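First chain written, first letter: the chains are A, B, C, D and E, and each begins at residue 1.
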Amino acid sequence: MQLTLPADVPADKEKAFVENFEETTGGSGRLMLFAGDQKVEHLNNDFYGEGIPLEDNDPEHLFKIASQADIGVFATQFGLISRYGRDYSDIPYLVKLNAKTNLIPYSAKDPYSQQWLEVDDIVRFQKSSGLDIRGVGYTLYIGSEHEHAMLREAARIVHEAHLNGWIAVLWIYPKGNFVKDQHDRHLIAGAAGVGAALGADFVKLKVPYIDGILDTDGLKEVTIAAGRSGVLCEGGDRRDEEAFLLELYQQIHHGGSRGNGTGRNIHQRPLEEAVRMANAIYAVTVRNASVEEALQILEG
Amino acid sequence: MQLTLPADVPADKEKAFVENFEETTGGSGRLMLFAGDQKVEHLNNDFYGEGIPLEDNDPEHLFKIASQADIGVFATQFGLISRYGRDYSDIPYLVKLNAKTNLIPYSAKDPYSQQWLEVDDIVRFQKSSGLDIRGVGYTLYIGSEHEHAMLREAARIVHEAHLNGWIAVLWIYPKGNFVKDQHDRHLIAGAAGVGAALGADFVKLKVPYIDGILDTDGLKEVTIAAGRSGVLCEGGDRRDEEAFLLELYQQIHHGGSRGNGTGRNIHQRPLEEAVRMANAIYAVTVRNASVEEALQILEG
Amino acid sequence: MQLTLPADVPADKEKAFVENFEETTGGSGRLMLFAGDQKVEHLNNDFYGEGIPLEDNDPEHLFKIASQADIGVFATQFGLISRYGRDYSDIPYLVKLNAKTNLIPYSAKDPYSQQWLEVDDIVRFQKSSGLDIRGVGYTLYIGSEHEHAMLREAARIVHEAHLNGWIAVLWIYPKGNFVKDQHDRHLIAGAAGVGAALGADFVKLKVPYIDGILDTDGLKEVTIAAGRSGVLCEGGDRRDEEAFLLELYQQIHHGGSRGNGTGRNIHQRPLEEAVRMANAIYAVTVRNASVEEALQILEG
Amino acid sequence: MQLTLPADVPADKEKAFVENFEETTGGSGRLMLFAGDQKVEHLNNDFYGEGIPLEDNDPEHLFKIASQADIGVFATQFGLISRYGRDYSDIPYLVKLNAKTNLIPYSAKDPYSQQWLEVDDIVRFQKSSGLDIRGVGYTLYIGSEHEHAMLREAARIVHEAHLNGWIAVLWIYPKGNFVKDQHDRHLIAGAAGVGAALGADFVKLKVPYIDGILDTDGLKEVTIAAGRSGVLCEGGDRRDEEAFLLELYQQIHHGGSRGNGTGRNIHQRPLEEAVRMANAIYAVTVRNASVEEALQILEG
Amino acid sequence: MQLTLPADVPADKEKAFVENFEETTGGSGRLMLFAGDQKVEHLNNDFYGEGIPLEDNDPEHLFKIASQADIGVFATQFGLISRYGRDYSDIPYLVKLNAKTNLIPYSAKDPYSQQWLEVDDIVRFQKSSGLDIRGVGYTLYIGSEHEHAMLREAARIVHEAHLNGWIAVLWIYPKGNFVKDQHDRHLIAGAAGVGAALGADFVKLKVPYIDGILDTDGLKEVTIAAGRSGVLCEGGDRRDEEAFLLELYQQIHHGGSRGNGTGRNIHQRPLEEAVRMANAIYAVTVRNASVEEALQILEG
């Protein structure tokens, strides 16, 4: 993929932006995002319980994986990065700038996930800490009655990231009392278009299915509607590895997606296995590996 | 039309304002605004589906049209401009500063569409990117319980645009629980007066009809009530071309409108046809073309 | 009336304040305020319809009257001043800093009319445009659940006006679910006291009546409760001229009011007649004219 | 009482703070606060009506009393001070920074009384006007759903006052849907503790009674719970003078209060009598006068 | 415990941070936090009543204890520190930056406890007063509909504390209409993870119990989920001393907690006994004392 620079990247940040984009995508234009923001989003549900190895309960597990595996970026909250960063300075980070808990059901109150820190705070932090920060991320819920506040924060974050030569990833999910079916392909395509209108480099979205099977045509509608913003498919609940990797391949090669954001399917495993799974995902996403090649990586 | 400079354009920006006004209106004082903000406002409804060519799903379609056709300005969100601007630096842009999705029905909750970026952000962007930005736009919903917040944002945006020598366009629609008939001519005339009181250069409004026929007298009430703010008639759903162009002619020559804002009637077509339709609209709006001349342009 | 300078007018603005006060009150301490803010407050209801001359629909009608008639100040929104100011630079303006539409009934939702622009914006505008701006105005609704926001904005506006040597006029109306009778004299007197506590130079208020007749004693309670803030009586709906002028005389000479704010009773007339009516009101208010003299002026 | 300087008074303001504290308390550590903020809080109810002399309707009445009587400080809104300050520059002022009307019943909506002006505005005003301003005041309603906003404003105001060498007085009243009995002694003691936690120099509170008789033990709980913040007892409705002065004496000498805030019991009288009543209150509060001595002062 | 510096502590504050961490934890990495913020949180309930010595009603009681006992930090509101700080300059303080009263039940309205002062205010105060301030604290309620505002404030406070070389303690409690069981171990573990994601140095949490007995396994889930943020166990209502100290020992040595926050179990005693109780808690927490040793300290 030929990168087209966003026009709001200033001349003195063009080189930095290109480098950030090329390095996080391994020159492929596709992003393997290791998602580690669930400590807030899902509280401890994803990290402790049946079928989850005990080591996943310790947040350092995420850093160990991110440090040892092939990944594009490790996306997590600033606080975790500040607590582990000095020991994991080799990880390419994407700072997730907002998060909310899952305690209030979407059916009860429309969600609002507010920005925690300013992009300028992170820029100053990057300079003082020397950590390898490549960009910022933000989740917005279209259809929420607080949509307006999140649209504004998202637009500002994308623009401020570009002003600093960083990439910006938006998680965009339709949520709220008036959202009938968040899995509808047209609605997901709408969310993709919102991401494009916000200028995001990547948009993490729901994936359209028909009877549990990837809706490739639907995904094409989505990825084309996103224009030059790359679509990252949501990893979702932990699933069978082969099925996961096959669908990932189809998403990219048949559906036009440009990566994925995966958390549970990686970290809910013992460290070494988690690293291999991440590597398999990376190979498919960035290195054009086939599903067979990926399974070989997974099996070590 | 003799341009009267807004008094809040400072001396050192008078030349820029006059140039922006004259160039976007082709010296006619009338504006052909190509509306491309529906990726957020209508999600993917306007871009994909029955009767819409597949190429319309790609946001670049809008930029191709805007680049090849005669237009006054292309109005769209900052993010899209940032993603395509380097490849479409010849387009005269009007940056739409707010937008909302259509997921919450107006009947359920009064709308609030918040400003995304500051005018100063866009000014800095214009300088750093060199893009051909001519002005800014903003939508406000009078009658909404959030009217106060939008009136304030609109007033500030118009003033800040003028301080920078730019034109300002307001979309003003009566919406909310207590708005009985948003198509009532007196109410539209009221919205026109609000636009005037906010100092807008152009106000995009609903169009009054009687039994589906343009209410020319009603439109006169509206355009006179708008004073020196030019009224842009909303383009609306895609319609028959001849009817569209005829009504456009009547709006201008019988109703006193000073242009229109058209999206779907242009972009829901293959590129070449879309360009011809835009050219036809431009000819009627700016070049005093007759309906017949416009139809000839449309037919190529 | 002997002017007592507000203590928050700084030394270097005392001369400006005295001049603004003396010129707008013609040395009488009484203000004839020509109210032209209804384009937002009443939408097009006051400007088009039965009994209203067609020329009133054009906002310029207001500027023509304000330019040709004897007035203290012409109070209207910034946007209108910016659009017509270069052609009407002789008018003494008072910039109304907030406004709301009438689409939501007071019985349904408590009103909030938010400030549009800062006093500093207007000060900068005055300097760059050279227009004859004498002060600023603001409407607040006591008894609204949003009262706190408007009290704060009003207090700041009055103080900032004084810091710049300008006069400040507050429109104070009791409105909201818990306001039983906004015409009660004690309540109006309360509003007058709020204006005094906010430091306003003038407070525009409802007028107390008993069976449709001016309640002179009630008005005295009001005007005394206002202390050194001058009470402006609301002009209200268009009425018989002689009755209007007689009541105006009584308000001032029997009730202690210090002027009035009149809109519809002036502008809902052909230009020349409107000018004569304004002159008659000015004569009674500022020049101590009798009702007979005023009627002679009205008749030309 | 030995004054202990708040630790947030900076070194270069210590002298000013000590002077302000000593002069307003006459060296006694006790404050006689003449409350004149009711023009907003109670509208015109306290100033006009049966049993109230007509002169009380004019706000200048308050300034005449404050100027001629022995008082600690005269607490009123900035706007009134700005309108009368040049003629009453000898009064020691305490600027009340917020106020609300009584139009919405506490039972209907939880109250929010927002700050009008910043402490820095008042500091600048003091310097430019030379008026004798000794401190600032603020009312907060604990138990209101807006408590959080008022706690923040109060904490900032107290700190900013100290940074400028001024004293800070908080009025703290439990109000709102979930406040069962605002006269409960434990609840008043809780309010006292809130005042201490906010760092107030003085806290004006409700007074505990048992069957209409001052609850001295209860008041002791309150005044001890307030720590080093002095408790000012609310003056309340106008009452019999002897009973008022006797209770005032008991509040101080048996209950540990450090002053009172009195409005109606002073100003609802002809000027000369009001001055004598204020002097009597001052004598008990600051000069350790007996009730008999105070009554002699009252009788002239 | 080996301290790992947060990555957002800048180079020139590393020494200060290490010193603050080492001194407040006595080199143990564990914190004995003496909680004195209940004057607002519980009003006067904790300080006056049956079984509480009268001296506890005076806020100075807290300062006397904090001054004479072994403690890590004394956590209380800024206002109390400002009123007593000059006389108690030897106490290590942690400034609690927010607080709310208990007047509105959690079942009725979701809580919002807003930040009172900025970290920068406290930094300036520390410099001007020379007081021994070691850090700041903040309470947030996850599951509240205002969670977003508190998450943002908490994230900023932790980061700003680190920028100044201070430690940050978060109190995190699940509260609100949709929180079913705030004592559920998984939910407490979730709160611990939120504290980690916010970068807190210490997180004060609820303690999991099974039938009234400390759930050691549950607490392990919690303390591991907190990662490098140390878990402080809530002290709660006053209890039997031996049971209290025994559980404290188990929390630390079996559950992995890194300290506790205790208020009522200390201050609801006569001074000398309170000092001994604090010393006993400190010995267990910081000096690895056995329960027997602690009981000897308690008995003097």
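Throughout what follows, a contact is a pair of C-beta atoms (placed from the backbone, for glycine too) under 8 Å apart; a residue touches a chain by one contact, two chains touch by 3 or more.
Going by UniProt, the chains are A, B, C, D, E = fructose-bisphosphate aldolase.
Predicted model only: the values in this text are computed from it and were never measured.
Student: Along touching chains only, what is the step distance from chain B to chain C?
Tutor: Minimum number of steps from chain B to chain C: 1.
Student: Since chain A and chain B are copies that touch, is their contact same (over half of the numbers shared) or different (under half)?
Tutor: Mostly different residues.
Student: Nearest whole angstrom, what separates the Cα centre of chain B from the Cα centre of chain D?
Tutor: One centre to the other, that is 57 Å.
Student: Return the distance between the CA-based centres of chain D and chain E, expressed in whole Å.
Tutor: About 35 Å separates the centre of chain D from that of chain E.
Student: Multi-chain contacts only, two chains or more: what residues does chain A have there?
Tutor: Nothing qualifies.
Student: Record each chain of the ring in the order reached, setting off from chain D and passing chain E first.
Tutor: Traversing the ring with chain D first and chain E second gives D, E, A, B, C.
Student: Could you list, by residue number, the parts of chain C that touch chain D in their complex?
Tutor: 4-8, 10-11, 142-143, 145, 147-149, 151-152, 155-156, 158-159, 162, 174, 176-179, 186-187, 189-194, 196-200, 221, 224-225, 227-229
Student: Would you pull the chain D residues touching chain C in the complex into a rising list?
Tutor: 37, 39-40, 43-45, 47-49, 57-60, 76-87, 99-101, 103-105, 108-109, 112-117, 121, 125, 128-129, 131
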